[in-house]
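Please find one structure pasted underneath; my questions will follow.
Per-chain residue numbering starts at 1, and chain names A, B, C and D are given in the order in which the chains are listed.
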Amino acid sequence: MTAEIDPQLAQLYKDFDAYGLLPLWTQREDLMPAVPQPAAVPYRWRWKEIHDLAVRAGDLVPVGRGGERRAISLANPGLPGLPHATPTLWAAVQYLGPNEVAPVHRHAQNAFRFVLEGDGVWTVVNGDSVAMRRGDLLLTPGWAWHGHHNPTDRPMAWLDGLDIPLSSALNTEFFQFGPATLDDRSTPERSRAERLWGQPGLRPVSALTDLPKSPLAAYRWEHTDAALTAQLELEDEGHEGVASPGHAAIRFTNPTTGDDALPTIRTEMHRIRAGAVVPESRESASSVWQVFEGDGVFLLNGERLEVGRGDVVTVPSWTEVRIEARGDLDLFRFGDHPVMERLHLYLTDRTNPATTEGPLR
Amino acid sequence: MTAEIDPQLAQLYKDFDAYGLLPLWTQREDLMPAVPQPAAVPYRWRWKEIHDLAVRAGDLVPVGRGGERRAISLANPGLPGLPHATPTLWAAVQYLGPNEVAPVHRHAQNAFRFVLEGDGVWTVVNGDSVAMRRGDLLLTPGWAWHGHHNPTDRPMAWLDGLDIPLSSALNTEFFQFGPATLDDRSTPERSRAERLWGQPGLRPVSALTDLPKSPLAAYRWEHTDAALTAQLELEDEGHEGVASPGHAAIRFTNPTTGDDALPTIRTEMHRIRAGAVVPESRESASSVWQVFEGDGVFLLNGERLEVGRGDVVTVPSWTEVRIEARGDLDLFRFGDHPVMERLHLYLTDRTNPATTEGPLR
Amino acid sequence: MTAEIDPQLAQLYKDFDAYGLLPLWTQREDLMPAVPQPAAVPYRWRWKEIHDLAVRAGDLVPVGRGGERRAISLANPGLPGLPHATPTLWAAVQYLGPNEVAPVHRHAQNAFRFVLEGDGVWTVVNGDSVAMRRGDLLLTPGWAWHGHHNPTDRPMAWLDGLDIPLSSALNTEFFQFGPATLDDRSTPERSRAERLWGQPGLRPVSALTDLPKSPLAAYRWEHTDAALTAQLELEDEGHEGVASPGHAAIRFTNPTTGDDALPTIRTEMHRIRAGAVVPESRESASSVWQVFEGDGVFLLNGERLEVGRGDVVTVPSWTEVRIEARGDLDLFRFGDHPVMERLHLYLTDRTNPATTEGPLR
Amino acid sequence: MTAEIDPQLAQLYKDFDAYGLLPLWTQREDLMPAVPQPAAVPYRWRWKEIHDLAVRAGDLVPVGRGGERRAISLANPGLPGLPHATPTLWAAVQYLGPNEVAPVHRHAQNAFRFVLEGDGVWTVVNGDSVAMRRGDLLLTPGWAWHGHHNPTDRPMAWLDGLDIPLSSALNTEFFQFGPATLDDRSTPERSRAERLWGQPGLRPVSALTDLPKSPLAAYRWEHTDAALTAQLELEDEGHEGVASPGHAAIRFTNPTTGDDALPTIRTEMHRIRAGAVVPESRESASSVWQVFEGDGVFLLNGERLEVGRGDVVTVPSWTEVRIEARGDLDLFRFGDHPVMERLHLYLTDRTNPATTEGPLR
């Protein structure tokens, strides 16, 4: 298209440019590829490396108003300069030292925390103190006030997940400062949210309006572990329950609707038996995985990535994924699937994209 | 209208009759009253009386194919000859003696069991054995195969609730016999349904299709009690949670949607503090209440009914209800509210029926 | 059960009765039949007969406050004494003489009018005057104020359909008188509702909240006829569109949701080519059909009923229906299907009721 | 943060970089601004300029396989190098010369065409020929096969709208080639889609499954014009209907659900009376407007942009918009609002973002 271009055509393109126009026909292939061509790449971060750096940051960087959080973003190498794990998801390790407090703010972006190890921090969400402990998933739905405090003499680190890149892409960001510190430093075992919403299938009669974001602030490891254990036991007994052979999985959901806990972020926990495999698949959605326990291999577009405890792996859209468990392997996963599903843009390679009756209806 | 009727008019009415017709104008007031005029009446059954009769039936009437269940229906005196507690709800006490088995069948009618006292019976729902214990709510959604067996040497009695009258009114009954006995006499502590669905907010990835009927076969008393206790504690601490002052309440819901556990029957548990009152209200829906523990008073259209442990009270549509707790009062309630809500026929006297902007939208 | 009954058992049954109880085991079969056993029967009313009686009523019975409407109910012979066409549906012919006015009222019951012949009456719904003409379907959703006036010197008769029996069965009736006469006697060609909502697929930005009842007060014959004509032409051209071979059908829907126009009543128009047949089927829902034009045969549980213009046929639940068109046959149909669907009680004999995976999910 | 940075901190940042990490605290403000800070800018393209260039392109650039379409994208100057009108929306003028054919393809991206002037082209969507005429909105939902042909001797130009940028941002692109030409060159007045779905409130009984994308391929100007005219007449008569004083507006919707015609793109038509004003507002969504008829002024963040027939205006998220009609002003608008609404990210400045009870629930 560029070699020996017709002078009239050259002039036309120049005029396009002058008037804020661009021809489709020279860009069509890039703009509308046959299948997704993400700039983001499959990538693995080692927990030890991130954690060591977090510890060093803990010594050097204070937590406070302005910066707001000592959070270190996992920046996809395919998206240089951007702190994005995938085009829609932000993942970071946050570190809070002994007796530190992260100031109160709120934002339209949806957030969660997942705890790989340790405990001792309370996140205070809309005035409700929520203990953070190993294996727990804690929610901070968009526009909820929140700060954290660590009343112990031990530091704590955890994984933060947000939809910051999505929000940036859509220009839907809102942010507001609250108090620079936390008045309420209470340390209850269970949050009020859990006391109200934490029994299976029971809904307070005082709260019958459906909510787009889960009111259950914490999903505790004891429940997650029990659910995964039960699925594998049921498989042993010859009954339904597992997601695929040797592979238990639960989704964290909003008890008022049964949908994903957050409207833009899927959160799940997976357990794969030693030696089992989650076979190859592709989907038009992106994910971030963290190894909670055990070790194994992610095959991403054919590339083998060994993973162990705490390691984080990013899986862009339409990447072929196969997971092999070496020992028993527990994996936390978050993804942008609710976005694709709600917009009817979700497709997997198990459905045939060549048929009109595909999942893109 | 009838006195000294015009002969031509008399002939007209006679001809109407001959041709299968009826004039509206002579019936309009009965047919379309200003507010509901249920034939069913508010009524109380004493637990001791029902239970004594159930015990006698246990001695005299076998359980088996044909009759299917040793269940004694609470028949509303306002609906003579019919075994209906209200025009849509059937309530019965079922009694199963030592080592008895109730044969397997299924029906389109939705059903549940609520256990006032005792234990030792397993209800087997679609091949899944579900233990029945004091305070538990057990579901048998429409068209699920089910039978019961009592492997102990003690009899057990419980409350059955079904939508039989609704199904009769709508002509939507279907029924089918299964095996006359139960092969599987296993007695697990937890059903497979609970193992899969019994953790708060966690959904198996293998079961992501929403279901109109709850897959959680059992709602255990320990969870119900904990949820009610928490609401009253939160009230003491100055936080939201109770349904009204001194009155905790939870609804049993379908974890795949957050809706009522059954599509035609609402099920709830209420706890009212000693001395507290649930103030007067009316609604265009009918309920059956059973006292689980404690004693108090139901004021139904102004009539005082003293109630104690196990007593059952029926509340027809648009009956004024006020509940007073003498001691701490735990109440199980079921009703036909999902029917009215799904058909947009639900109204309470707290909304003004005289405004167009009423809840009948 | 009754012959030579054991004295102890006889006493037990007597005591049941004394305490407001009824045993299930003696009633189970009636209460829970294998398939619906409606008391209502298939029946045909001849238009000429109804209409002649309506004309006589027009001479003898005034229209006014109290009786409210000169409406003659089609009373199912299987439901003696009740003005019900089926257990959930009320159907009547209403007759308004020259210059008569039917007073204003409203009720929770949902209503529509379908016009077999004639014109000249305006129904005024929440202050909006809606012309009634041959082939039109006019809605009066529950709790909308409405009256009618006939400014012409010709009488007019039409079919009224309501969910009165359902409302009676559920005890959800509310009724209120408005002015005894109509101040606004305007006679616009198009109602305001049609002007706002009457363009296909276009929704006023001022009315974006979904409504449970259609805001489109009138569905005009010209549109219905065009839609049915198009389906049969598409069939001739080899394209999709007809409901079954030789059988065009449209459903009247709520433009804010795509659901049935009324939450408790389905309304449809069918056109069957001369010689075509709608083959046998059964469903757990009841219908009332009126012949709009043409003649044919309804086979109901094997019984042949010849029908011609204006004749009305009632089809109870689980009745086997087959329709044969002698000439081109246009049929209006209303039914209680939305009730069954919303309560998950809808079943047809094309699905196998013997499988768990039936439509009763 | 940058001046005289501590050497240890410098090393930390260097190590972050080496391990694919980025600190939040140095980016927080950019990443999470108080309100959206779109890179896209408010902008106006003049129709005459675009159209002249399109005509020149018609002479110089063939239409065919590979480039696929002679479409000229309106490229937002704030997003240099990208053919995006806003971060989610693509807008282009497409030009098809006499007897030209645009080849068949399909893509996951949703598309529509809006016709400012002319006629004579048929777009063939899944084998259904759809005439394009002034004022019409034509849909090409994602994954529908489509090509265009111009059987006349006159060229035609129109506005194309797609969600290409959204699809790029989310990595959900799929594309497939169909035949390089169109076999079916039929030129029906009405498409089959319109014949099936084009009557208000009427739904084919053969098509009762809800669809995420509207099956109504064309929304004709005669209906749009009638709806807008009616709203302003109703305003004159003192009735409800207009969106705001002097401002009629309709939304193009999916008749199976009442939702937006496409799941990712809102489409609307607005008519503002001469002299009337649509007052200032902001929203967390982006729009593209085209003047269909008349002239007026867009005030975008206080900047006055005069607009006349055919001019296109882009309005990024959170831009303050005020519209003044000089003469009667007809405006077509499309936007990404369904995305924000389905993800619960939609906010306007009329709700107070400083309250927890904001629309971000």
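Quick note on the criterion: contacts are C-beta pairs under 8 Å (C-beta built on N, C-alpha and C of every residue); 3 or more make two chains touch, one makes a residue touch a chain.
Computed from a predicted model, the values in this text were never measured in an experiment.
Visitor: Return the chains common to the contact lists of chain A and chain B.
Guide: The common neighbours do not exist; no chain touches both.
Visitor: Using the contact definition stated above, find the chains touching both chain B and chain C.
Guide: none
Visitor: Between chain A and chain C, what's the gap in Å when you average each chain's C-alpha atoms?
Guide: 51
Visitor: Just the number, please: Cα centre separation of chain A and chain D in whole Å.
Guide: Each chain reduced to its C-alpha mean, chain A and chain D end up 30 Å apart.
Visitor: So, what's the distance in Å between the C-alpha centres of chain D and chain C?
Guide: 42
Visitor: Do you know which chain B residues sit against two or more other chains?
Guide: none
Visitor: Which of the residues in chain A come into contact with chain D in the complex?
Guide: 6, 8-9, 12, 15-16, 19-29, 31-38, 40, 43, 45, 49-50, 53, 56-57, 60-61, 66-77, 82-83, 87-88, 92, 107-109, 126, 142-145, 164, 166-176, 211-213, 263-264, 284, 286, 316-318, 336, 338-340, 342-347, 353-354, 356, 358, 360-361
Visitor: List the residues on chain A that touch chain B in their complex, please.
Guide: 192, 195-206, 208, 210, 214, 216, 219, 223-224, 226-227, 230-231, 233-234, 239-243, 249-258, 261, 268, 270
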